[in-house]
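Below are two complexes that have subunit A in common, paired first with subunit B and then with subunit C.
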Partner chain A sequence: MRRWIEANAWTLGLAVLLAVLLLATKVIQPGFGATGLDSLARAALPFALATVGMAVVVIAGGIDLSVAAMMAVASVTGAVLMAGAGDGQALLAVIAVLALGIAMGTVNGVLIVVTRVPDIVVTLAMLFVWQGVALLILNAPGGGAAPWLRAMSAGGVALPGLPQGLTDWLPRGVVFLAVVTALIWVPIRRSKLGLRLYAIGSDPLAAFRSGVPVGQTRIAAYAICGLFAALGGLSVTMSTGIGEPIPGPYLLASVAAVVLGGVVLGGGRGGILGPILAVFILRTVRMDLTMLSVDPNVAAIIEGTIMVAVVMFGAILATRGRKA
Partner chain B sequence: MPDSADAVLDAKGVAKRFGAVQALRDASLQVGRGQVVALMGANGAGKSTFVKILTGVLRPDSGHVKIKGRESTVASPAGARAWGLVPVYQEPSLIPDLSVADNLRLGDTAMEPFRHWVAELGLPDLQPDAMIRSLPLASLRIVDLARALAMEPDVLLLDELTAALPTDLVARVLKVVRAQADAGRSVIYVSHRFTEIAAICDRATVLRDGLTVGDLAIEPGIEERIVEMMLGGAVAAAVTEARPGRPVASGTPRLRVRGLRTGTRLTDVSFDLHKGEVLGVVALEGQGQDELFNVLAGNRRASAGTVEVDGRPKAFSHPADAIAAGLTLVPGDRAHALLMSRSVRENIAVPLIARIRNWGAVPMREEAAKVATAVETLQIDTRAQGEVRRLSGGNQQKVTIARWIANGVQTLLLFDPTRGIDIRTKRQIYALVRDLADQGAAVLFYTSELAEIRLACDRAVVIFNGRVVDVIDAAEADESTLMRAAYGLSERAPA
Partner chain C sequence: MTEAPSALTRLGRLMADNPLLPLTLLLFLLIGVLAVMNPAILSLFWAGNTIKIAIPLAMLAACQTLTMLTGGIDLSVGTVATITAFMTATLAPLTGVPPAIAVALACAVLVGLVNGFGVAICRVHPLIMTLGTALIATGCLLVYQRYVIATGVLIPDFLIWLGTGRSLGLPNSLALFVPFAILIIWAQRRSGFGRLLYAIGANEEAARLSGVRVWQVHLTLYTLSSLIAGVTGMLYLGQIKTASLSLALPLDLPSVAAAVIGGTSIFGGRGGYGGTILGALILTVLTTMLTLLQIPEGGRRILFGLIILAVTALFIRLTERS
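Presenting the complex of A and B:
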C-alpha cells in the first residue's frame, strides 16, 4: 500500500489539486453545479484525448507535433461522411475515422523510423501536411454529426437504481473519456506492447539488446497517438455538430498537460491518468479565471506560471525524497 | 585449437570497415563445446566491433560466422539468442524505468531459473519488483548475467563482466562461469584481467589491429606471451616492474585535506598531497572515494572538514572554482568529460579556450599548436578525426587527460583512469602521470586495480568505510598488503 502510494504520489497529488480547484470554483461561483461540470467535461474532452495520445508517444521517448492537425483531419472527415447520413452509415463513418487516425499515426511513425529524421522534424512537417489535407476536405467549418454521437458527450449518465439528481453529477464527457481510454490503454498497458513502449522510452539501446523490436514499437506508439487524435477530432464534431478544419490550441495544451501530468519528456516514466487529471486542472483554472473576469491575457500568464511552479515544486519534492 | 567442424561457434576472416577506419581485417575465433575462450586485445584492436558482429548488432563486410555448424544469419541481439548465443554487454542491457520482473517479461525469460542464478551469484535478497534505476551498478551486472544464464544459452558471451564488481562477487561470478563450461556450454570471455583469465579460461584468442594474431592454451606463465602478442613489435617491458619510491616532500602541501565528510559514505578523510607527488587512493567499491573526488572537483559540497590549496583554505561551490584553484578532475566515466560529437581537437581545446579568452575570437594558431603537442605526447590515434565518440575507449581516455595537459596542470585528480583500457595505453598513462609529477604537478590517483599503485604512485592512502585506514609507501604496496588494508584488516595504525 505504502509502495503504491509512493509510486503514484504525483497522480494522487494532482487528484487532490483538482478537488481543491473544484471546491474553489464552487466558492467563486456558488451556482456552479452539475451543468457547469458537464460543460467543463465537454470542453476538456478533446484536450484530454489529444493529451492521452501525446502521453503515449512521450512515454515511448518521442513527441508528436501533428496531433492537433490529425484531429482536424478526423473532425472534418467524420463531419463530411456523417452529413445527412443515417445511423448505420454514421457508425461506419466513425469506424472509418478511427482507422484513418491509426493510418495517419502509422505514417508519422514509419517516416520517423525509416528516414531516421528526428521525430520533432517529421511531425512538424506532417503538421503542415495534415493541416492541408483537412482544409482540402473541408475549407470552412461544416458537415454534420449523427444525433446519437452528439448525445454521447452531453448531459449526465443515467444509471439504473440511482436518482437522477446524483447521476447528473457524472458528466457523459467524463464517462466517455474513461471508457474509451480504458478500452484502448488498459489492454495495451497490460500487454507486452505496454512494456515495450516504456522500454524504448527509457533506454532504446538496452531495449534493443533485450530483444525489443524498437522500430515497430515506435511506429505502434505513433499509431496509438493517431487513434486518440481521431477520437479527439470526433469529440470536437460531437460537441459542435460540425467539422472544424482549423484545430484548436490542442497541441501545446497537450504537451503542457503531459508534463504537468508527471510524464517525463524524454520517455520511460509516467502514466495516462496523471496527464488526464492535468487537463482538467488546466481547464478548471481557465474556467475560474474567466468567472473571476480576469483579463484573458493575464489569465494566460497565470496559467503558464502555475505550470512552471507545479513542475518545479514536484522536482523539489522528488529531490528531497531521494535525500531523505 | 579445436577442429573448426566441431566448434560450437566458428568465425573466420571477419572484416569490417567504418569509413576510413578498418576496424577488423581478418578476425577469427573458434569456441568448442565446454570451453571458456578468452578474447583479448589492446584497445582499438577491434574487440568491440568483433563482439558486435558476433551478436548481430553489425554485419561484417566479409567473412563468415558459423554457429553449431550452420552459417549464422543473426541480425540482432534477439536473433542471436534464437541461435543459442546470449551476450552480456559491458553496460547492463536493462531498462532503468522497469522493475526486475518486467525486464524479464520483456525478454521472455522465466522467473524461476533467474531466481536460482541470482541466489547462486550472491544476491539472494533481490526483490523482483525493485526498479532497475534504484539498484547499484554491481547488482545490475549480476541481474544481467543471471538473466543470460536463465536463457540456457549454448554460447555465453561475457564482455568485461567483472569491471566495477566488488571482489567477493567476482569470485562467485567466475565460479559460476567455469561451472557453465564444465556442464558442456561454451563461453566467450572478453577481459583485460589476467588473473581471471588464468582462473577460468581454457584458451585465449588475441586480436591486434583487427587481426587474430594468436590462439593459445592457457598455462602458467602465458601472460607474458599474450602481452607480447597484444603489443606486437613494441617492447614488452615487465608488467610488474616497480618504481623506486621517493622521499615524501616536506613544506606546505599543494593539497591538504582534513576531516572531510559528505553524505553517508565519506565520513572522515585527511591527507596531504605534495608537489611532484603521485598519491594513490585505494578503496573497495563505494567506500567514499567517489564523494571525495567530487568534493575536490567542486561537484559536491562537503558537510565538514577543510581543503587547503598551497596553505590557503578553499571551499568549492562549482567545478569552475576548483579549476581556478588548479584542481582538475579526469572522471571515471569518459562520457561525462567529453563532448562526444565534437572533434578531438575541440575537446582538447575546450578548457584551453576557457583560460585563454573569456570573450572574442579563439586564437586558432595557438590552440592548434598546443593541441598538436598534447596529441603527440599521448600518441592519440586520430584516424577518426571527426567525432570523439568514434574513438576507442582507450583513445577517448587519452583525450580526457590530454585536454588538461595542454592546459598546463597543477593538481590532477584521476579517477580510475585506466578502467577497461589495454596494457599499452595503461603504460602510456603511467608514464604520463609520472612526467607530470616530475614537472611539479601533484596527482591524486584512484585506481580499482591494486597492481597500479606500485607502478604509478609514490604513496597510497587506503580508504575503508569513509575513513583513511592506512598510508602505504609504494615500495611496500604489494597487492596482498593493499587488499588487507582495503578490507579494513590492516593492523597498522592509521597515519
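Presenting the complex of A and C:
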C-alpha cells in the first residue's frame, strides 16, 4: 500500500488538488452544481484528448508540435463530411476522421524515422502542412455535426438503476473521455506495445539492443497521438457544431498539462491519468477565475504563472530526487 | 578500401566540410527558379527588399541559434519582440523616445531573466519554460494595452529610417545587422562565452565537471536572447510601421526553421550563425516564390512545411559524418 502511494504520489497529489479546487469553486459559487460540472467537462474535453495524445508521444521520448493542427484537420473534415448527412453517414464520417487521424500520425512518425530529422523539427514542419490541409478543406469555420454526436458531450449520463439526481452529476464529457481513453490506451498499455513505448522513451539504444523495433514503435506512438488528435478535433466539432480550420490553443496547453501531469519530457516515465487530471485542474482554475469575474487577460496571466510555477517546482523536485 | 571515392561521395565530403556551401547553392538555385518564373522580378530593388525582410527573421533566428547550441530553444522571442515594439510605440508619446525604449528593453530583459532562472536554476526544459513565459507575457501585454489605448502611437523616426530607409540602394537595416552578425559570429567562434555554449551543448555533464558554472551560462544566454529579440522588435516596428498586438508572433516558428535549415543541431553542440543567416534568406526567397505561385493560403503553408522538412533532411544527409 505504502509503495503504491509512493509510486503514484504525483497523481494522487493532483487528484487532491483537483478536489480542493472543486470545493473552492463551490465556496466561490454556491450555485455550482451538475450543470457547472457539465460545462467544465465539455470545455476540458478537447484539451484532455490533445493532452492524452501528446502524453503518449512524450512517454515514447518524442514531442508532437503538430497536435493542434491535426485537430483542426480532423475538425473540418468531420464537419464537412457530416454537413447535411444522415445518422448512418455521420457514423461513417466519424470512422473516416478517426482513420484520417491515425494516417496523419503515421505520416508524422514515418517522416521522423525515415528522414532522421529531430522530431521537434519534423512536427514543426508538419504543423504548417496540417494547417494548410485544414485551410484547403475549409477556408472559414463552417460545416455541421450530426445531432447524436452533439448530444454525446452534453448533459448527464442516464445509468439504469441509479436515480436521476445522482447521474446528473456524472457529465457525459467525463464519461466519453474515460470510455475512449480506456478503450484505446488500456489495451495498448497492457500489451507489448505499451512496454515498448516506455522502453524507447527511457533509453532507445538499450531498447534496440533488447530487440525492440524502435522505428516501428515510434511510428505507433505518433499514430496513437494522431488518433487522439482526431478525437480531440471531433470533440471541438461536437461542442460547437461546426468545423474550425484555425488551430486552437491546444499545443501549449497540452504540453503544459503533460508536464504538470508528471510525464517527464525526454520520455520513459509517467502515465495518462496524471495529465488528464492536470487538464481538469487548469480548466477549473480558469473557470474559477471567470466566476470571480477576473478580467480574462489577467486570468491568462494567473493561469500561465501557475503552470510555470508548478513546472519549476516539479523540476526542482526531480533534480533533488536524482541527487538523493 | 582502395577504390577511389566516387564524385558523389567526394562532393558529399566537400559539403560536409563546408556546411555553408550547399546552403549558398540552394539559395542561388531558388533565386534561379524565381528568375525563370518571373524574369522581371530580379532587380537590385528586389534584392534590397529581400534582405530587408530577412533581417528581422535572421536576428530572431540568432536567439534560436545561440540557445540551440546548448541544446535549448527560445520560443518566447516572437512575444518579446512584439512587446518591446508595442511598448516603444505606445510609451513614446507619453514619456519621449529614449525612456520608452529603455522601459521596453527592460521588459525584454525581465522576460529573459525569468527564462534564465527557470532553465538555469529550476532546470525546467527550455521549450516549456519559454512557452510559459510567452503565455504570461502575452497576458501582461493585453492588460497593459487597455491602459494605453487612448494615448496614441508614435513610432520614432530613426526606427522608421532604420526599418524602411535605403541608402545607395541598400536597406539601412544593414547598418544594424552587419555589426550584429559580426559580433554574434565572433562571439560564438572566438569568445569564451561562445565556446562554453558549444561545450554545454556537446556534453553538459562534462562541461560541469570541467568547472563550468552551467547555470551562469544559461542565465546569461537566455537574458541575451531576450535582449536580441527586444532589439529586433524595435527594428521590426520601424519596418512594419504599425503597433499591433501580434506584430512579430508569426516569426516565432520560422525563426526556429531558419536556424534548423542553417544547419544548427537542435540537440546542441553543432552549428553556427553563418548558416542561420543563409537559412533566413532562403526562407524569405521561398515565401516570395510561394506568393508568386498564386496558390491558396492552405497550399502555400503545405509547401512551406514540406520544403523546410526536405531541406533539413537533405542537409542532415549531406553533412552527416560516417
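Everything that follows uses one rule, which is that the second predicted complex is superposed on the first by the 310 of 324 C-alpha atoms of A that agree within 3 Å, B and C clash if a C-alpha of one lies under 4 Å from a C-alpha of the other, contacts with A are read in each partner's own complex, and residues count from 1 in each chain.
By our rule, a residue touches a chain if its C-beta (ideal position, glycine included) is under 8 Å from a C-beta of that chain, and two chains touch if they have at least 3 such contacts.
Since the structure is predicted, the reported quantities are computational estimates derived from the model, not experimental observations.
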Touched partner set for A:L92, first subunit B, second subunit C, both or neither: neither
Subunit B versus subunit C as contact partner of A:A134, first or second or both or neither: second
Partner chain in contact with A:A125 - subunit B first, subunit C second, else both or neither: second
Touched partner set for A:V311, first subunit B, second subunit C, both or neither: second
Partner contacting more residues of subunit A (subunit B vs subunit C): C
Which of subunit B and subunit C A:V255 touches, first, second, both or neither: second
First (subunit B), second (subunit C), both or neither touched by A:S210: first
Subunit B residues touching subunit A - in the complex, by the definition given at the top: 76-78, 81, 87, 89, 91-98, 102-103, 105-108
Parts of subunit C lying in touch with subunit A, wherever the complex brings them together: 73, 118, 122-125, 127-129, 131-133, 135-136, 138-140, 142-143, 146, 253, 256-257, 260, 265-267, 296-306, 308-309, 312-313, 316
Contact footprint of subunit B on subunit A as seen in their complex: 192, 195-196, 198-199, 201-203, 205-213, 268-269
Of subunit A, residues touching subunit C in the complex: 63, 111, 115-118, 120-122, 124-129, 131-137, 139, 252, 255-256, 259, 265-266, 295, 297-298, 300-301, 303-305, 307-308, 311-313, 315-316, 318-319
